[in-house]
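Labels run A, B, C, D, E and F following the written order; every chain starts at residue 1.
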Amino acid sequence: MILSVSEAGVVLVIAPHPDDEVLGAGGTIARLAAAGREVHVCIATRGRTDRFGPDQVATVSTEAEAAHRRLGVARTHWLDHPAAELDTEPHGALNASLGALLSDLAPQTLLVPHLGDIHRDHQLVFLSALVAARPTRDVYPANIFAYETLSETNWNAPYLTPPFVPNVFVDISETLETKLEAFALFESQVRPSPHERSIEALRALATLRGATIHRRAAEGFVAIRQCC
Amino acid sequence: MILSVSEAGVVLVIAPHPDDEVLGAGGTIARLAAAGREVHVCIATRGRTDRFGPDQVATVSTEAEAAHRRLGVARTHWLDHPAAELDTEPHGALNASLGALLSDLAPQTLLVPHLGDIHRDHQLVFLSALVAARPTRDVYPANIFAYETLSETNWNAPYLTPPFVPNVFVDISETLETKLEAFALFESQVRPSPHERSIEALRALATLRGATIHRRAAEGFVAIRQCC
Amino acid sequence: MILSVSEAGVVLVIAPHPDDEVLGAGGTIARLAAAGREVHVCIATRGRTDRFGPDQVATVSTEAEAAHRRLGVARTHWLDHPAAELDTEPHGALNASLGALLSDLAPQTLLVPHLGDIHRDHQLVFLSALVAARPTRDVYPANIFAYETLSETNWNAPYLTPPFVPNVFVDISETLETKLEAFALFESQVRPSPHERSIEALRALATLRGATIHRRAAEGFVAIRQCC
Amino acid sequence: MILSVSEAGVVLVIAPHPDDEVLGAGGTIARLAAAGREVHVCIATRGRTDRFGPDQVATVSTEAEAAHRRLGVARTHWLDHPAAELDTEPHGALNASLGALLSDLAPQTLLVPHLGDIHRDHQLVFLSALVAARPTRDVYPANIFAYETLSETNWNAPYLTPPFVPNVFVDISETLETKLEAFALFESQVRPSPHERSIEALRALATLRGATIHRRAAEGFVAIRQCC
Amino acid sequence: MILSVSEAGVVLVIAPHPDDEVLGAGGTIARLAAAGREVHVCIATRGRTDRFGPDQVATVSTEAEAAHRRLGVARTHWLDHPAAELDTEPHGALNASLGALLSDLAPQTLLVPHLGDIHRDHQLVFLSALVAARPTRDVYPANIFAYETLSETNWNAPYLTPPFVPNVFVDISETLETKLEAFALFESQVRPSPHERSIEALRALATLRGATIHRRAAEGFVAIRQCC
Amino acid sequence: MILSVSEAGVVLVIAPHPDDEVLGAGGTIARLAAAGREVHVCIATRGRTDRFGPDQVATVSTEAEAAHRRLGVARTHWLDHPAAELDTEPHGALNASLGALLSDLAPQTLLVPHLGDIHRDHQLVFLSALVAARPTRDVYPANIFAYETLSETNWNAPYLTPPFVPNVFVDISETLETKLEAFALFESQVRPSPHERSIEALRALATLRGATIHRRAAEGFVAIRQCC
């Protein structure tokens, strides 16, 4: 299994904003960490305090740290690009900071947001991750998968923007509850049902992705590139 | 609302095999029927008794009748093409029998299976429905939507066969339980969780489709053609 | 009919530049207005006078007002973002002003330009409209359709940019002439045949879209999201 | 110009049924023939007299001959596969008869129906033409283009079946009237407006395709393969 | 690595006709076998002697056995459906024989032809393989990848049929020569350069796929489904 | 042949950065020039000396001039937009400078980079070229083709970004060696095998594209628009 403990190497989950990594891959992170894999999370942006207020920015950061502890994340890396304003920076800036992180960590596997998400930040993080991971030398991330983010992935334009059709499924039957607990730690981000950012919606998605592969719960991904 | 009671005209749900109409559109059928709309179901095939056994064929037919009563279906039409063997008949045969039914009922709205479903019968029923509904004269079905069938729609080839990306959502908050009861009446077809044909998977799908539009439960459809 | 008078609620047509709303949806606007619906138009940009000259900017604004009166538009909203330069603003700016307008009007139906249009402004208006219309609470625009703009929609890259394949057709047999008159009021924008912005090309498009549904004239749209 | 007289070699237009070649490429045929190119037409099927009646079959054949004379076609080849029943024959049968014709004529350019047309015969003719034209030796058709057939191309499923997005435009300003006259000779096939098979719809399509390239009339094609 | 020796379980390569498995996955087969994995090959069809002649049929079978020995294939399974005539059988027939083989072998990984190949047999084998591998119970093939077949994959219709865009790359630097030797054993099938079925074309493809991931040689695949 | 000497008119190859034109179309340029066609190259950007160093910028410019002489390019046009930073300029700036060049040269044929390339500069150059070439008057570039750039075209996201599926093939059997010599003149850009920017990868690509059309070497293009 690509994401199993039997594979050597670091896993890096790249999130545009804190909580995307939990919504999209929390169960997989918990499973990998429980199996002894070294999982890092990179948060590409930080809210500008003059836009979101210093309290909210601090709150989300604290929530993220708690959630990552719950999942067993080895380390969280903050790139501090401006949240919800990535399009105001040169594309090269994000390419550069992601490139530097990849040089440092030399991850074998990347989990990235989906190009088809409605949030411009998600699209730009996806594109920069691919630039940073280009196979231009002997060593580069061998596996890249895009994850599914409730409240982003389903709200773009059907048939006009790139669809999310999962072709990689990770069984999270054993770690779904951990994922939900980790998401619940983002108190400032959780919404009551029937919002897509609710615990109920997350559970339903996991049940559905699981049923597709005859498992109790799963997370779906889109395969971007795998090198064997 | 396209599918609401404020619209005049008959609704026809075309199913390749009995239970597809419930899996894909049971909640919508129940809502329309409750609102006073005349909803018909057409089952395109019937199992050959030398293939499926006379008991199973009779059982499924009986189950279908009970389920349709539960949903409030006005009438069920059996076309009796050979189940799981539609590809052994000339394409024109199904075109003809669907065409005759459309002439009889003059439905305003069609609900059809999805072209991207993995079952060849589903693909052929979709294509024949479009042929039968061509706008070659003044009167024809003004609205055509494709529904989503658990155990068919998610098992085809991601990115190589037509994806199901819902762009029409029908709120079934009030009729989800009726849908699940109707599906439970197909005792021979229901599977235990975590199979995709389980009550749990159906409920998860409805919860997810609902969350996408901030409702407690919904069914998703793909818009094929609407004429206003 | 989704766009019919039997539906309650406001219709909002969002145009990148004045005249797009007439090219793409003039016949539909006229039909809805004639049937008593409240139709608003939002023009996302205004030409900078140092780029287009004060006369041209004033001329186009005056033409737009006259055309909208001809069609029966209830009110025109100018957002005054910089024309042909939307990419020089942060994406969030347009999101914000469209979001504010949606809060004010609470439209039930949005008509938006097509993501696949060749003009960068059209693409950005489409994306911002979807962001502003996300279903994050109980009330949001239930229906979103993209319209077709001659001189924008057909000039992008076939098979590489999102195609316009109409799946919603509105019969404008009774309002085609009104649409053509309204477009003719944009004297500074109309071009002689065989330019795509000519009266002749507009009439040919309406005839073709009409023939596809066996009507004398129609406008085609792409369904983005409908919630029933 | 690919299709111009300055190019040597035979042009072969492959039609599933008589009149498709005129609907899709009549203006191009007339222009090429007028310029001295040798243009052949191949009709893949003939109606079975027990299905369509001997009179209708004879009528359509006579109409086709007259139309082809009007356009300047060098020769018409009838393959006599069963009309509207191509799916009842082995795929290899049509491959073989098209392959034999290609061996005989060694055409440089093929005009074929569109894979995305709603008629199963059109889809099968497209696929067989590609098989017959595979570049397995030094000589093969260097250019293959798919044409657009009113009453077939616009009635398939938007976004689920292959779209027709023209990327090759042939100016038929000088031969549009000849095309319409040739189509009018198919008296048994022409329908009154607003049917898609009407003279009015054909003229509107030509005007629209022309406007896209700033010409009075054009036919649109999709490039399948060109070898230079 | 998904296809590495560190994974337990059988690998099954499904080929429509003998030599497709070598063209598409010969280097991967050789690498897996060398690493101790149990690799089976299934040939879906056998040429009818009244069509291809008894000598050619026997020759190809003998060549296949020799090639498989060269690659280290554990066992070759012949399903004996009619070559180049799969469309003359009911779809269910191939579903059934592939289903039986999957029950016997319980493979963990399937390598299948590409849905977008020009040969109808390839398309039908792909579809039947997916039907046979549906995740309807606890055990099923966890990984499915489609391979690339020179002389089939590049000759279908660009942008109208499903494209082959590799997202899984297997390094075959160490086994490319073995692959080419195995293909050379198909003396009746190899063609001289510049035919696509030539040794030179196979080597060029391996070099190109390798360069994309900075390796000397690789085979490309499309990920269909992976369950972890 | 579209690109042959028998066609009148200028050919313009637009490259985001020096060497893209050689990687993508060097063999075609050499063949056209040898046949007497007037071929221009436009380099959209120049490296900022504070980013790339004055030496590297000068070196690449000198290499480009030498390579273009080797290919027989009539003239090289430098637009001097900022390399790797095109997204920091207004989209209109590049539109304007390309528009001015097109007005000057009135090229009949454009060769442009591919929209699906991973480099943001390539995407923006493609889009601006299409804007500049819109058919808004009688004269405009009749033919537009996108070329394939090793180290850009294969590294974007399979199935999520626009794929490069060649449908136009130019036989470069006679000019492949010239192309490779011209690329070798870019000493600062060539990389050793197995990098995609190596001579070996370029040769493999030409061999593969050639085999697809039964020629010793070819370059592949995607048809964007052709007007005849």
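Going forward, a contact is a pair of C-beta atoms (placed from the backbone, for glycine too) under 8 Å apart; a residue touches a chain by one contact, two chains touch by 3 or more.
Just so it is clear, the model here is predicted, and its values are computed rather than measured.
Trainee: Quick check: more C-beta contact pairs in A-F or A-E?
Mentor: If we tally the contacting C-beta pairs, A-E comes out ahead.
Trainee: Note whether the interface between chain C and chain D is symmetric in residue numbering, meaning over half of all numbers used appear on both sides, and answer same or different.
Mentor: Chain C vs chain D: same; shared/all numbers exceeds half.
Trainee: Matching residue numbers in more than half of the contact pairs is the bar here; say which of B-C, C-F or C-D clears it relative to A-C.
Mentor: Selected from B-C, C-F or C-D as the counterpart of A-C: C-F.
Trainee: Could you work out how far the Cα centre of chain C sits from that of chain E, in whole Å?
Mentor: That pair's centroid distance is 50 Å.
Trainee: What's the distance between the Cα centroids of chain A and chain B, rounded to whole Å?
Mentor: 36
Trainee: Taking each residue of chain A in turn, which ones touch at least two of the other chains?
Mentor: Answer for chain A, listing residues that touch two or more other chains: 135-136, 155, 158-159, 167, 195-196, 212, 214-215, 222, 224-225.
Trainee: Taking the touch rule as given, give the residues of chain C at its contact with chain A in the complex, in rising order.
Mentor: 90-92, 114-116, 126-127, 130-131, 134-136, 146, 162, 222, 224-225
Trainee: Where on chain E does chain D make contact in their complex?
Mentor: So the residues of chain E in touch with chain D come to 84-85, 87-88, 118-120, 151, 155-161, 195.
Trainee: Which residues, counting only chain A, touch chain B once they are in their complex?
Mentor: The touching residues are 150, 154-155, 158-159, 163, 165-167, 193-196, 198, 200-201, 203-205, 207-208, 210-212, 214-216, 222.
Trainee: Help me check something: in the complex, which residues belonging to chain C touch chain B?
Mentor: Counting only chain C, the residues touching chain B are 1-4, 6-7, 135-138, 140, 142, 167-171, 212-215, 218, 223-228.
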